[in-house]
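In what comes next, chain A is part of two complexes: it sits with chain B in the first one and with chain C in the second one.
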Partner chain A sequence: MIYLLDPLIYLLIYGFLLTAIMGLIASWIDRKVTARVQYRVGPPLLQPLIDIIKLLGKETLIPEGASKITFLMAPIIGFSGVVLVSTILWINNIDPTKSFMGDLIVVLYLLVVPSISIIMGGFASRNPLASLGASREMKLIMGYELPFILAVLVPVIHTHSIRLGNIVSYQATNGIFIGSLSGFLAWIVVILCVQAKLALVPFDMPEAETEIVGGPLIEYSGSGLAVYRLMKNMMLFTLPFFVMILFMGGWKFEGIYSLTGLLKYIGVVAIITVIRNTNPRVRIDQAVKFFWGPMTIIAIIAVILAFLGK
Partner chain B sequence: MSVKLKALLKSPWVFHLSTGSCNNCDIEILDCLTPRFDIERFGMLLASSIRHADVLLVTGSGNRKSMEIVKRLYEQMPKPGLVVAIGECAMSRGMFIHSYNCPVPIDKIIPVDVYIPGCPPKPEAIIAGVVKLIEKLNKRK
Partner chain C sequence: MAKTIIPIGPYHPLQEEPEFFTLTVEGERVVAIDVNVGYNHRGIEKLSESKTFDQSTFLVERICGICSTSHPFAFTRAVEDIIPVEVPERAKFIRTIIAEGERIHSHLLWLGLAGHFLGYNTVFMWAWKLREEILDVMEILSGNRNNYAMFKPGGVRRDIKSVDIPPVIKKIDSIIPTLEMLKKAVIDDPVLHARTKGIGVLSKEDAINFGALGPTSRASGVARDVRKDSPYGAYDKVQWDMIVTQNGDVFDKAVIRILETFESIKIIKYCLLNLPDTEIDLNLKDIPPGEGIGHIEAPRGETFHYVRSDGTNRPVRHKVRAPTFMNLPTYKATIIGETISDATIILAAIDPCYCCTERVAVRNLKGNQIYDGQDLVKLSQQKTEKIREKNGCLKWI
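And now, the complex of A and B:
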C-alpha cells in the first residue's frame, strides 16, 4: 500500500497542487511586471486564480462540425503532460535517489506534449484561424527543438549522466554550469527556446492576438479554456524550473538554500517577462531561420566547448 | 451569491462589437485600456474571441445587416454573459432614429443589462457604468 501512496503524493501534492500554485503566482508576476512596464497598476494577486474559477463555471460550447472527442480531450492530454513533467522535476529536487535513469529524456519528450495538445485542439475545432495557428505552432516546434536539445546536451556532457538528480548533485559539488563558458552559451539558447515553448512574444505567432485572434484557442470556452490556461500557467513554472535544474543548480530545500532557489526562479521569470515586453513579434519564417541559424550555431559551439571541458 | 457569479464579476472579459458606429465610442472603449484608466485593475481583459468573453460591449445604431451578426454573436457567447450598450446610438439609435436602415433599437434584439449614454461617453462614464452593473448584480444575489 505504501508503495502506491508515495508516487500518488508526489503526483497530486507536488506535481499538481504546488505546481499550480507556483504557476498562478508566476502568471501574476508576468502580468504585473507587464503592467508596470507600461505604467499601469496591473491586476490583483488572486486574479489568475479567479480567471480560472470563472472559466470553470461557464458554458462549454462545441463548434458545429468539430471533432468532439479530440476537441475535449486535447486540453486534458496537455495538462497531464505538464503534471508528469513537474512531478519528475520535483522528485529530483526533493529526493534524487527516487528518480530513475534517463529521466532527462522522458522530460524532453513530455515537454512537447502541451504543444502537441494545442495543435490537436486547434485542428479539431474546425476554424480556419485555429488551423493556421496550429500549423504555425508545428513549424515553431520544428524550429526550436534542435537548438533546445543541443543546449540540453551541455550539462549531460559535463556530468556524463542522463539523470537529472546526478546533474543537480554534480553542480552542488563542482559549481553551477552557468558559470562556465559553454554553460552560459547554452543557457542563453535555452532561455530563448523557453520563450518559444511558452509561445510568448517575440515567438507568439501561434497565438498572435492581433492577426489570428488567439489561434488554436479561438473556439475554446468554459472549462476547456480553463484547463488550457492552467496548463500554460503551469508551463510558466515548469520550464524555468527545468532551466534552473540544468544550469543553475536546482532548488534545494534546506534552510537558506530554499530562499535562494526562490530568488533564482523569480529571476528567470523576470528575464522571460522582460524579453516578452521589449520585443515585437517576428514572422514564422524569421523565427525558424533564427532557431536553425544563429541559435543552432551557438548551441553547437557550446557543445564543442563542453567537450573541451570549458 | 454563488462562487460562479462572484468570480465572473471579478474577472469580466469584454468583447467589443461595433454595429456600424462612427468609431468614436470604439476609441473611447480602447481608452479604458490605456495606462490612465487601466481596467486590468478590476481584472477586465479585452478578449479577442467571443467564446472567451463574458461581457459584450455593443456600440453603434445597429442596421439591418449587422443586427443578424449581433444576434449570432450573443448566441455564441458562453453563458452567463452580460451585454452593455455604449453610446447614444446603441441606446436609442441617436440621430439615425428616422433612418430606413435602422428599424429597431438593439435592446429589441438582445437583452441589454446596462446603458451608458453619451456621444461618445467618456472612459470614466464607461467604467462607472460597469461598476454600477456589478453593484446591481451584487445586490440581487
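And now, the complex of A and C:
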C-alpha cells in the first residue's frame, strides 16, 4: 500500500534533509582533511552551513542579456535531480521492498541532471568564461559516462537485476563486490568517474578557478549560488552513497551495521579527498583521453570478468 | 571557427597584480595575445630623483616585495660605479647571503603559485610552508621577513655576528630534507609531466631574439647569468653551478628553479662559513658627478639600474629595468597555439613581476588606444595651438 504521505516523507526528510546534513558534513570532512594535509587549520564544523546561509541572504544578480528563466531555473533543476536520486538511494537502504524495478536506470539518468543544470546555467549567463566552462563540462560528461555505465554494469551482471534493492540484498548474502576482481576494477573506474562528476581535482577543469574563474558559476550570486553549493555538497554524499550501494554492500540501518556503513562512507569520501589533494588539474583533452582510453579498457575487462563470474 | 575574446585580468585569480591579457581563442586554442601593462604605475624613478642616495636605497627596495634585495643591490652597485669604488669583502659576502636567501624564497613562492595555477594546492601550501623557514632565516639575519634594509651605498647596514652563524646553518640544513621531498614530488609526478612537458616551449633562438633573462632563458639552453658572466659580490669566490636545461618548456622552467634553490643553499652556507674579517661599510660621504650602472641577477633574471649624479646628494636620473620587462614579450612565442588551460601556466612560467615592470600607459578616454611618446608630444602641441588660436595668435606649426 502506498500512501501519499509516505513518498513525501522520503522526499523531504530523507531525500532533502538527511542528504543535505550528510552532504554538509561530508563537505566539512573534505575541507578539514584538505586543510590538515596542507598544514592549515581548516574550517569549523558548521562552516559549510554558514556559507550557504550567508549566500542565501545575499543579493541575486542577473547578468545583462542573460536568459533570465533558464539562468534562475538551472540551479533548481540540478538541485531537484539530486534530491530525487538521494530519495531513491535512501529507500533502497532503509526498506528495499519499497523500491521499483529498474531504479538503477533512473538513478543513472538522474545523476546526469546536476551536470546538465550546470551547463544550462553556464550558457544562460552569457559570459565567455561561463560558456567555456560549460563546454568543458559537456566534453567531460561525454568522457566519463561511457566507462561509468560500463562499470555499473558489473554489479548488474553479477545479480542479474537492475534493481538497487536486489543488488544490496545479493551482496548481503554473497559478499560485497569489491572483494571480487571484476568488482574491484569497476570500483576503481567508478571512483574516478565520481571524481569527475563532482568536478574535483584532477577533473575540475569546468570550474578551474585560476583559468576560467569558476566557469559556469562565475555569474551566479546570492541564492542561485547557494543552491548550487548545496547541490554540490549533497552530491558529495549521494555519489559515494551510490558507490557504496553498488560495490560495498550499501548502508544497513540496524545495530553495528549503521556504524560500519558510516565508516565505509567516510572511507570513500577520504579517498576522493586524497585524490583531489595529490594531483594537479589535467587538461580537458587529457581527461577525455584518460576516460576513453585506460578507464574504458579497464571497465570492459571488468565486464568480461563479471561475465566469466570472477 | 568563430573567434572569442577571453579576458585574463585586470583582476583575475591568476594574478596578484592588476594586469590585462586579451586572449583571442578559437575553441580552446589561443590564436593571439595582447598584453596591457600600466595599471599599477607608481612613478618610482621620478620619486627617486627627489630622494637622497641613502633614501633611494629604501625606495627601490619597495619596487617589488619579492625581489626586495635585487633592486637595492643593483642600485647600490650603480652608485658605487659612479665613484667608482669596491665595497669591503665582508660586505660583499653579506650581500651575497641576503641575495641568495631572497632567491630561495622567491623560487619557492613561484613553485607554490605554479602548483596553485595547476590546481595542485597541496604543493602550493607545502612550498609556502617551507618558504616560511627561509623567511625566518632572513629575519634572524636582517631583522625583517622581507624588505631587509641591509644595503647602503658603500656596504651593508647590519653585520652578521659570528655567534649567529651555527644556528642559522643548522636551520638551513633542516630545510634540505623537506626541499628534497618537494623536489621529488614535483619532478617525478606523472600528472605534472602531462601538464607541463612540451607546453609553452621557448626555443633557444626565440630566447636569444627576445632577450629573455634569468631562468626563462636558462631553461631554453641559453647560459645567461650575471653571477657567472660578470661576477659581483662573492659569486666568483664560491663554487656553484649554473643550472641550464634545453627544452624551454614549463617543466624545465620549474626544474631550473627547484635546482637553483639547492645551489643557493650551497652559496649561503659557504659564505656564512667563510665570512672575511673586514669592515662592512666604506662610510661614503660624497657622490661625485657622473653616471653608473649596476646589474645583478635577481631571481627572475637580470635587474638593471642606471644612476646619474650631478654631485649633489640626489640622483638626477635613475632608470630601472626589471627582468620581467624582457621576459614578458616571450609570451608571443610561447602562448600562441596552446590551449587556454595551458595559457595560464605559461603566463606564470616566466615568474612575472608586473609591479616591477610597470610603465606608465596613457590611453584615450575610450580606452581603445594607447599613446606613445610621439603621440603625447603631438597632443601637447595641439593643445598649445588651440590656446593660441583661441586668443587670436598666429599658428606656430
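Note that the second predicted complex is superposed on the first by the 308 of 310 C-alpha atoms of A that agree within 3 Å, B and C clash if a C-alpha of one lies under 4 Å from a C-alpha of the other, contacts with A are read in each partner's own complex, and residues count from 1 in each chain.
What we mean here is this: a contact is a pair of C-beta atoms (placed from the backbone, for glycine too) under 8 Å apart; a residue touches a chain by one contact, two chains touch by 3 or more.
As the structure is a computational prediction, the values presented were derived from the model and not from experiment.
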Partner chain(s) touched by A:53 [first = chain B, second = chain C, both, neither]: first
Touch check for A:157: first (chain B), second (chain C), both, or neither? neither
Which partner does A:288 contact after superposing on A: first (chain B), second (chain C), both, neither? neither
Touch check for A:146: first (chain B), second (chain C), both, or neither? neither
Just checking: does A:271 make contact with chain B only, chain C only, both, or neither of them? Give me first, second, both or neither. neither
Quick one: classify A:279 as touching chain B (first), chain C (second), both or neither. second
Scan A:38 for contacts with chain B and chain C and give back first, second, both or neither. both
Look at A:211 in the shared chain and tell me whether it touches chain B only, chain C only, both, or neither; answer first, second, both or neither. second
Name the contact category of A:188: first (chain B only), second (chain C only), both, or neither. neither
Overlap of the chain B and chain C interfaces on chain A comprises residues 38-40, 209, 213
Seen from chain A, its contact residues with chain C in the complex are 34, 37-40, 128-129, 132, 201-202, 204-205, 208-213, 277-286
List of chain B residues in touch with chain A within their complex: 3-4, 7-8, 10-11, 35, 38, 40-41, 43, 48-49, 51-52, 54, 76, 78-80
In their shared complex, at which residues does chain A touch chain B? 31, 35, 38-44, 47, 50-51, 53-54, 57-61, 209, 213-214, 217-222, 225
List of chain C residues in touch with chain A within their complex: 4-7, 12-14, 28, 115-126, 129, 189, 191-192, 194-195, 339-344
